[in-house]
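The following blocks contain the structures, represented as structure tokens.
Here chain A shows up in two complexes: once beside chain B, once beside chain C.
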Partner chain A sequence: MNRVVLEDCIMQKGIPVTAGSKILENFISPLTATVVNKLLDHGNVIVQRAKMYEFGIPNFFTDDSDEIPEAIKVVKDGVADYSLCNDLFGKYRRNAAETGCCYIHPTYGTVSRFGLIPLVSSMDQIGVVCKSIPEGLKLLSQIAGNDLEDGAMFPEKFYDYAKNKQSISVGIPESIVNKADQETQSAIKEFAEKFNSVNVDLEYFDVYKQVMMILSCAEISNNISRYDGIKFGYRASGYKGIDDLYIKTRSEGLGVETKLAAIMGAMVLSKNQYTPYYEQATKIRRLIKESLRFDAYDIIVLPCCISEDPYENLSLFALPNLVGLPCASFSYKGQGIQLIANVKNENLISTAWEVCMA
Partner chain B sequence: MKYEVVMGLEVHVELATESKLFCSCSAKFGAEANENVCPACAGMPGMPAVTNKKAVELGIAAALVTNSEITRTMFFDKKNYFYPDLPTGYQITQLFAPICRNGWVEIETGEGKKKITLKQIHIEEDAGKLVHDNRTGTSLVDFNRASVPLVEIVSNPDFRTAEEVVTYLEKLRSLLSFAGVSDCKLQEGSMRCDVNISVREKGSDKLGTRTEIKNMNSMKAIAAAIEFESQRHIDALETGSEVLVQETRRWDDNIGETFSMREKENATDYRYFPNPEIMPIVISDEWISAVRESLPETAQDKYIRLTQKLGLSEYDSSIITGSKNLADIFDETMKYFNKPKEVVNWIIVELLAIAKGDNKGGDDVKIDCKKFAKLIELVDNNTINRGVGKKLLSLVWKEGIDPDVYVKENNLGMVSDTDMIGQVIKNILTMHSKSVDEYKSGNQKVFGFLMGQVMRELGGKADPQVIKKLLTDLLAGK
Partner chain C sequence: MIDIRDYEAMEKLSLSEAERNWVSSCAELLLKSFDELEKIEADVDPLITVLDILNIFREDVAVKKVSREEILSNAPEQYDGYIQVPKTLE
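Entry: the complex of A and B
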């Protein structure tokens, strides 16, 4: 019987769900998320709901890495065995690794988003904060699998993460690793020595963060347009007419980071900016996917921090979200590192974890 | 004529699916306000869009009957704008890869045959409905229609006259309703038509200033709106009385004029982008063939079958095939009683008359075809006479009685016993000796009166042919 914490973006019917936003104050979940039903079916217990940053959007331009989300704290402090959240911008991956926990971001389309408050539909993916990768995968195997209520999923009903591969080869993007601090560099070096390792060149890495920013803001601006004060959630008082209702409600109900994302998103989708920004970003996203060479290595190793600037660090976390790859972060030799594998190859990450921790 | 009117049409047709486009709520018309609403179509977060496969199939059917090129990998896009009847703040529609393009529909008017070419057909979700309460100064919103699937059929600017427009709409209605794509009712809003109209000097190849007219809910209104709007354009061109601007105008059927809707300039950037929640849908050859094979008979094929194989008149056949509903009633009734002439006769003469009494047209008639067939059969095999048959039809219509049972329980079977009828006639002739004298002195009209008296005496159940013969014989003194 595992104790599981849900971040406040995963719905339980009849229980308030706010995704950390005033605009959803007093909003009661009209349904229960598929992952919650699956957790309960497997005998797990939901012990708590965790507070979160508004919609999980971190500070894009100010370093907030020492502010640990509650979903991670509860696992770190032993209040829960696991927690579920939706890490889009890497904050959870970094904070989990830096606090000695692990974060597993599963393959896009393997865990149902029914009952998850959507933010970036092409990247939203419920992930697991856990104590170890094999344990995390055990829980993941309980919640993963096709759900007819989510139209963007792989058809498999179950995933077997226990499959083993004898020898793992790892790709090390040396030019990126070299940007990390000395301790992290030597941790990754030690890690690499346990495997066949090759130097990889992550093409387009320099624009990962821009592509990530453009596409995610576009989808955020669209997904939060449903919060308009008409049907549910917060509505400002003292408005005059419908436009004023929208403006007052959203001005008062949404936080700064969300507004920033919404404005940037509306900009990159607008008639004159669509081609140079949104469409271009979509094309590069496809090129990024095509540029990966999982025939030459099984997993890619990346640090969890290369800069004080959170926007620079965004590039470190963009790849799994942009391409839909599985990823896990954890602490190795006291340093945060992350492993990225090809689609549905979570088991390779687990194998690598066991080898390096042995 | 110095001027030429150029028009293109955007026709919205509600797809005849049981459920909505992206959730399992009922898509039926006429429910209580907000009865058919779930978290998804109320715009709440947490329910990803899951495409209704039936809607895609009806889209393929629409593509097939309009000779369109089907897009093999289609996808949906999001169109962003704020309006209270749009629960999510975006409409799911198709801009970049609509279900089909480059179709055509042939129409025939007084000028002859003409091909109307189509730019594209796309699938999209409908919005909800706003109701303004003037008493309290508030607005109420009903999301029953939100996310009901539609196809929008966009034509090229091929129309020159209102007659062409109306003929095209009738043709579309026939093609789509017979294919089962939609019931295409203008009054209920399951078919809506916006007209893009401009006027230019004849012979010019440049288009004039274009306006879009909305809010016509009958063929008559469409024709009248086109008439009004083209005249407004011509007046503006000739007299310079007003400057034409590109705008959307609302037709007011009571006043008979179009009015500017004064849409905001800045409301036109819809920030379209591909919907990432919905995977692209691949339309295979096999899928298209399966839809093609499942398509019901077209109105045209049905007309040929009725006139050539079943030997019905052109007039009767055109009435039956002019309405998908009547055609369905005909086919269904024929399953139980296979005499086409009788069935058509009962539909056109009796059923439509009863329907008209209830203010219903051919598209709205509903009848239990099994009972209807039974009733026709009872008359046809002389179990009851036609007069009783008509009365029973109105009881089937109103109360859904079973004709067989009703005839037995109420003893309505036709009286054909000639001895008994003869006796009744003798009694009547004795009672009305004066009338008999009138008849004998040449007043033929009295015959009808006497027939009526006999029929009344027999409770309306006798075979009129038998009465007629016996009465004639008795009056002749045989």
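Entry: the complex of A and C
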């Protein structure tokens, strides 16, 4: 029996769910997320819900790396064995690794998002905070598998994360690793020595953060349009007419980071900027996908921090979200590192983790 | 500083002076960084979703998952079994 914590964006019928936003004040979930039903079916116990910052949107310009999300704290402090959350912008991957926990971001389309409050639909994916990668994959195997309630899923009903591969080769993007501090560079070098390693050039890395930002803001702007004060959640008082109701409700109910994302979304989707920004970002997203060479390496190793500027660091976490790849972050030799594998190859990440921890 | 008031209106938002200053300055930084994208020659189709799945079909049968009462219980204001909204036509 595992003790599991759910972040406040995963719905449980009859329980208040706010995703950390005033706009969902008083909202009682009318349904239970598929992952929750699956957890309960396997005998796990939901022990708590974890607070989160609004919709999981961080401040992209202020370093808040010392503010650890509750979903990570509960695993770090032993309050829970696991927690589930949706790490879009890398804060959870970084904080988990830096506090001695692990974060597993599964392949897009393998874990149902039914009952997850949507933010960036083409990237949203429930992930697992855990103490070790093999343990995390055990829990993941309980919640992964096709669900007809989520329209963007692979057909497999189950995933076998236990299958092994004897020899793993790792791709090291040296030019990126060299931007990390000396300790992290040494840790990644030591990690690489345990495997066959090759230098890889992550083409387009310099624009990962821009592509990620444009696409996610566009989708955030769409997804939060549902918060209008009409059918559920917060409604401002003292409004004069329907338009005033919308504006007052959203202006009072949403936080400033969400407002920034919404406004950036409106910009990149507007008539004059759609082609140079949004459409160009979707095309580069394809180029990024096609630039990967998983025939030359099994996993890519990246640091969890290369700059004090969170917007610069966003590039480190964008690849799994943009391309739908599995990824895990953890602490190695006291430094946060992350491993990224090809679609549905979570087992290779786990094998590499076991080799390096042996 | 860029003027974001048109975008506020599109998003049905009205920002305070302090919020507007912060959002404008962030938007300026972001837009400047977005200009890097034009240097990339991207003569390919857009990639909107990473899955190669085109559509998911199920039997065309209506399913009632959430009752009227449950929906109404979340409505900020309700009247006589309906969600109440202000006049939409004057």
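Just so it is clear, the second predicted complex is superposed on the first by the 358 of 358 C-alpha atoms of A that agree within 3 Å, B and C clash if a C-alpha of one lies under 4 Å from a C-alpha of the other, contacts with A are read in each partner's own complex, and residues count from 1 in each chain.
FYI, a contact is a pair of C-beta atoms (placed from the backbone, for glycine too) under 8 Å apart; a residue touches a chain by one contact, two chains touch by 3 or more.
Quick caveat: nothing in here was measured; it's all calculated off a predicted structure.
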item: Which superposed partner A:I214 touches (first chain B, second chain C, both, neither); value: second
item: Chain A: partner with more touched residues, chain B or chain C; value: C
item: First (chain B), second (chain C), both or neither touched by A:Y108; value: second
item: Touching partner for A:Y234 - first (chain B), second (chain C), both, neither; value: second
item: Touching partner for A:V256 - first (chain B), second (chain C), both, neither; value: second
item: Partner chain in contact with A:G151 - chain B first, chain C second, else both or neither; value: both
item: Touched partner set for A:K289, first chain B, second chain C, both or neither; value: second
item: Partner chain(s) touched by A:M11 [first = chain B, second = chain C, both, neither]; value: first
item: Touched partner set for A:P30, first chain B, second chain C, both or neither; value: both
item: First (chain B), second (chain C), both or neither touched by A:I242; value: both
item: Interface residues of chain A shared between complexes with chain B and chain C; value: 30-31, 122, 148, 151-152, 221, 228, 230-232, 242, 246, 266, 270, 282
item: Footprint of chain B on chain A - complex, ascending; value: 11, 19, 29-31, 33, 113-118, 121-122, 148-152, 218-219, 221-223, 225-226, 228, 230-232, 242, 246, 266, 269-271, 274, 278, 282
item: Interfacial residue positions of chain C with respect to chain A in the complex; value: 4, 7-8, 10-15, 19, 22-23, 26-27, 29-31, 33-34, 36-38, 40, 42-51, 53, 56, 58, 65-66, 70-71, 73-77, 83, 85-88
item: Of chain A, residues touching chain C in the complex; value: 26-28, 30-31, 60-61, 108-109, 122, 148, 151-155, 204, 206-207, 209-211, 213-214, 221, 228-235, 239, 241-243, 245-248, 250-251, 254, 256, 259-260, 262-268, 270, 276-277, 279-287, 289-290, 311, 322-324
item: Complex interface listing, chain B residues touching chain A; value: 39, 42-51, 78, 80, 82, 84, 87-90, 141, 269, 271-279
